[in-house]
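The structures considered in this document are given below.
In the two complexes that follow, chain A is the common piece, with chain B as its partner first and chain C second.
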Partner chain A sequence: MMKILTPTLMLIPLTWLSSFSHLWRPTLSYSFIISTLSLTWIKNMSETGWTSLGLYMATDTLSTPLIILTCWLLPLMILASQDHMKTESQTRQRLYITLLIFLQLFLISAFSSTELIMFYIMFEATLIPTLMIITRWGNQLERLSAGTYLLFYTLISSLPLLVALLMIQTNTGSLSLTSAQFYFSLIPQHNFLWLACFLAFLVKMPLYGLHLWLPKAHVEAPIAGSMILAAVLLKLGGYGMTRISTIVDPISKNMTYPFITLALWGVIMTGLVCLQQMDLKSLIAYSSVGHMGLVVGGVLTQTSWGYSGALILMIAHGLTSSALFCLANINYERTHSRIMYLTRGLQIIFPLMAIWWLSFTLANLALPPLPNMMGELTIIVCMFNWSWWTIIFTGLGTLITAAYSLHMFTTTQRGALPPHITSLTPMNIKEHLLIILHLLPLLLLILKPEIITCWSS
Partner chain B sequence: MADWKKASLSTQPITLDPNEYFNTSPEFRRQQKDRLAMQANLKRQYQLQLNNPHRTQLIEDPALNRWVYARNHTLEHFRPTLRTSLLGILYGVVPLCAIFYALKRDRWLRSGSQHW
Partner chain C sequence: MNPITLSMFTTALLSGTLITLSSTNWLMAWMGLEINTMAIIPIIARKHHPRATEAATKYFLIQAPAAATILFCAITNAWMTGQWEINQMSTDLPIILILISLAFKMGMAPVHSWLPDVLQGLDLMTGLVLSTWQKLAPFYLILQLHSTHSLTLILLGTMSILVGGWGGLNQTQTRKILAYSSITHMGWMLVILQFSPELTLMTFTLYVTMTLPVFMILHQNNTLSINKLPILATHTPTISALIPLLLLSLGGLPPLTGFIPKWLIIQKMSHLGLFGLATITALSGLFSLYFYLRLSYISSITMSPSSNLTTATWRLTPNSIPLGLKTTIVPSMMLLPLTPMINSLLL
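Showing the complex of A and B:
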């Protein structure tokens, strides 16, 4: 653990003390090295499930893929932000990279924490850099409202979680996840306790009825903010739900129905909203809500296929969604407009980028053999086993997902180029590299899905 | 051509407008000229921007901006009327209650009870 956390912490002096011409490339290279180091956690050799045990931190098959995703995303965020930060002052650029590094630190600590209070503190701490990134470097006036929504939705919903955790601590004397299987019977089972534990994560995921913060935050955030939000911060919610559900187990049987209902209906409703969106980032944001609705449904069934499918979909969706935001940002940097109809028919001028658009559109609509498909299929089968009615909504949801993904692709890539587009800056290799680095893990995961299926040996 | 019917989105061609032939006062003609001058000015501004070789950005369309703003800020102008309330109930309350009932009933039946 230290061999990942200490280099990440040391990236901060690197950003502040290096000379300006050596700011972006060294941080990029060192964060790549850190992400390669994090791959050593894939080998889970322990019988108890937990590896790299420290005093308060450990990894297991659930948290390892998420930590690797977080580590992988930092260099990608730095790569994506370099262009639009060129016009900022030195201090601002260093501050931006520092915020990204802090996010990485808090996220690694959150995913690898074994004490629930530490997880809670890191969960809340990730809000601060995200808020700063959105409200300072967002592009439109609405970023202030977006920051407010993000902050208050997440804070208000997670305050009951703090109370619940303290209550569990006083009743059982321990909040350690490693021994949760032994003390969970001491927790008084109460509906409000269940609700308090889960509400924070449901808002973070987000669940359909509580999702208002997400489109605002995603649309107004700069590219790195969108990437980290879509890829990792939403998964904090899924990870938290999976962890907490082992503790509040018996009462979950009755309490999950309204939320599974909301999640299922959310898949369809957000899909329909996506079909009539004209803002590209907003479309991708609502698509995130839909996919996370499936994850919520999978986790709340509390079966091992559900958890497994949820993790696979979380990892696959993290990479896909982040890549789609990068693609949207590549368009945005050229035209400074997110409206889909203003930048349509781009295949004829950017053919290679159209290939990446196609591959991530297909990933978004869960094309086999990509892990998106594996995750969605696992969750759909798990929910069908839970109750056969769910197949109507998950099936319809898959259909609508395919519809809006293809609509997004055909609007931005196919068709006639609008007559007012006379000159756009050509694509440079950095943008292609950014997208390839999203695509490569996704393709490699087809070959070894055992990493992300959360099967403990 | 004489069978042209008024439609909501199609503008009437000038040649089919009866005012063109039967109402040719100087006032009417002056207004027509003013309208054509305004349209020509707007077209000229667009053409100037379109053919400007040093243009690097998209041509700004205020109508598009207004439309996008309207699409994004519907929540601030929301007013509960009969139509919006019925739509909310139809798409929000009814499906949730129906799905909840269906799931609950199915799970209840599966748990062994023979009747609901």
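Showing the complex of A and C:
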């Protein structure tokens, strides 16, 4: 673990001590090196499932893909924010990068901790850097209320989780994940305990109905904030649910019904919201809520297919939605508007960007052979096995997802240019690189999908 | 104020508390409380300003009847049971009356409303003494009394957490906000007092650690209303960047120092099976987090190049950060990794 955490920590002095003209390049290249190093975790030779086992940290087949995704996202965020930060002063640019680095530290610690209480602390610790990024570097005044929503939704739902965890600790004397199978019979199975354990993660996912903070945060956040929020922070919820569901297992059979129903209902509702959305970032945010609804459904069925489908979809959606936010930001930096009807027909000006838009639209609507499709299909099959009726929701949801994704593509890319757009700066290499670095892992993953399927080798 | 006079009053202030802390007899304890009150009143009124005089008068008017009630109850108790021992109280009426008058002395809800008003008239360093040191002696007395009336203590504590958060929501004066923040923290201490006095002591220590730099920063820059908070950014940019962390630490957000007391208090309650109480206290702490969050928005989140909320003053040379502030600001944010050590030191 220290192999990754120490270099990440040392990125902070690098950020503050390197000269201003060389601020972005070294941080970018070093964070790339760190993300390359993190790939070594894919090789999991252990028979217990846990590898890199230390006193407090370890990774297994569930957390490895998420940690690697976190490491992968840091250089991409640095790459994407460079233009956004151009007007800021030196110190603030350094502070911004430092916050991103802290976020990576906290996220890696959260995903790799073997103690639930440490996971809880790190889960909460990610709030402060996210809050700072959104409220300090967002654009509109509404960013403040978005920050408040983010903080209070998370805290109100997660303080019961803290009490629940301490209750488990009182009864069993341990909160270790690695030895959960030995003590989990001692846990009092109670409906409130189940609810307290899951609510924090359901809000973080977010489940439809508890999702209001997410579109607000996404719309107001600067690009790096949106990227990390969509790609990794939401996945903390899915990760936490998968972990905790093994601990409070038996009671789940009865408690999951309303939540699975709500999640599937949410897939359709958010899809319909997306269809009438004018704000590009808000559309992508709502589409995230819909996809996460499928993940919630997959995890809550508590089958191995559900878990692996959820993990595949989380990784694929992380890369896809992050890339879509990047594309939306590239548009925004040129047109200074998120309204889709004011920025339509951009294919004529940016023909190459239209290809990226097309690829990620298709990824978002889960075109075969991409891992998005693999994840969705696994979850749909698993839900169908759980109850036949779910096929109505999942089928309809897939249809609507396809409809709004294509709607997003045709509105922003096709058709005539609006008269007020005459000349825009072309896309530069950096932006192409940014998108390619999102697309490549997505394409390569389908060649060896077993590394993100949560199956022990 | 003449330094000799000031040092005399300070000595009296310290010795008053110490007399209370070391007494087992109600008469001595009461005397310590009175010496302490008499010593701080000239310190409160040492700035010749109408508000300071007002604060001193209010403080006297509050403390005198509270102390009189304590004496009355002690005498009643002596009359009924024939002894003056603090921890030998056995009759209900004197205990409850003493609890309430001690809460009155400390400014716990529902008898808290004098505290923000008095604090508003003080300069910040005296305010610091008022919201930290002055609470020690009453807390010690409550600790001696606690065993019989757990429900009263829990009610006082949770109500203080709630009212402290609620009352701070619509304040615009930093001193009043700090007073409400003090009420909230006292609430946390009182809730856990009967279950684990060591945790109360730890919460108190950490509260002082966290609130000290806040008072120092505001004192150094003479920031009395929240409108003047953004100006910190031009005078002491580093401090202005750290203020959100300081305030969120006071609000108890992990991974900052302020989470330690919350965590350990909730843990203690869970060990005792009080899950409902733990959830209620944890959630009512969120009220005060709301105004800390708003303060941090104003102080350092909304500033250039975003549109400013206040007009900037003359840009003078940046203030240097005093050494005391430098040393206190670090533990006020970063103690969480040391939780096991703090735990084993105190428990």
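The rule we apply is simple: the second predicted complex is superposed on the first by the 457 of 457 C-alpha atoms of A that agree within 3 Å, B and C clash if a C-alpha of one lies under 4 Å from a C-alpha of the other, contacts with A are read in each partner's own complex, and residues count from 1 in each chain.
By our rule, a residue touches a chain if its C-beta (ideal position, glycine included) is under 8 Å from a C-beta of that chain, and two chains touch if they have at least 3 such contacts.
Computed from a predicted structure; not experimentally measured.
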Chain B versus chain C as contact partner of A:257, first or second or both or neither: first
First (chain B), second (chain C), both or neither touched by A:447: neither
Touching partner for A:17 - first (chain B), second (chain C), both, neither: neither
Partner chain(s) touched by A:429 [first = chain B, second = chain C, both, neither]: neither
Which superposed partner A:416 touches (first chain B, second chain C, both, neither): neither
Which superposed partner A:336 touches (first chain B, second chain C, both, neither): first
Which superposed partner A:389 touches (first chain B, second chain C, both, neither): first
Sites on chain A touched by chain B in the complex: 142, 257-258, 260-262, 264-265, 269, 278-279, 335-337, 339, 342, 386-390, 393, 419-423
Chain A residues within the chain C interface of the complex: 87-88, 91, 95, 106, 120-122, 124-125, 127-128, 132, 135-136, 141, 144, 147-148, 151-152, 155-156, 159-160, 162-163, 166-167, 169-170, 196
Chain B - residues contacting chain A, complex: 50, 55-59, 64, 68, 71-72, 91, 95-96, 99-100, 102-104, 106-107, 110
In the complex with chain A, residue positions of chain C that touch it: 237, 241, 244-245, 248, 253-256, 259, 263, 266-267, 270-271, 273, 275, 278-279, 282-283, 286, 289-290, 293, 297, 300-302, 305, 307, 336
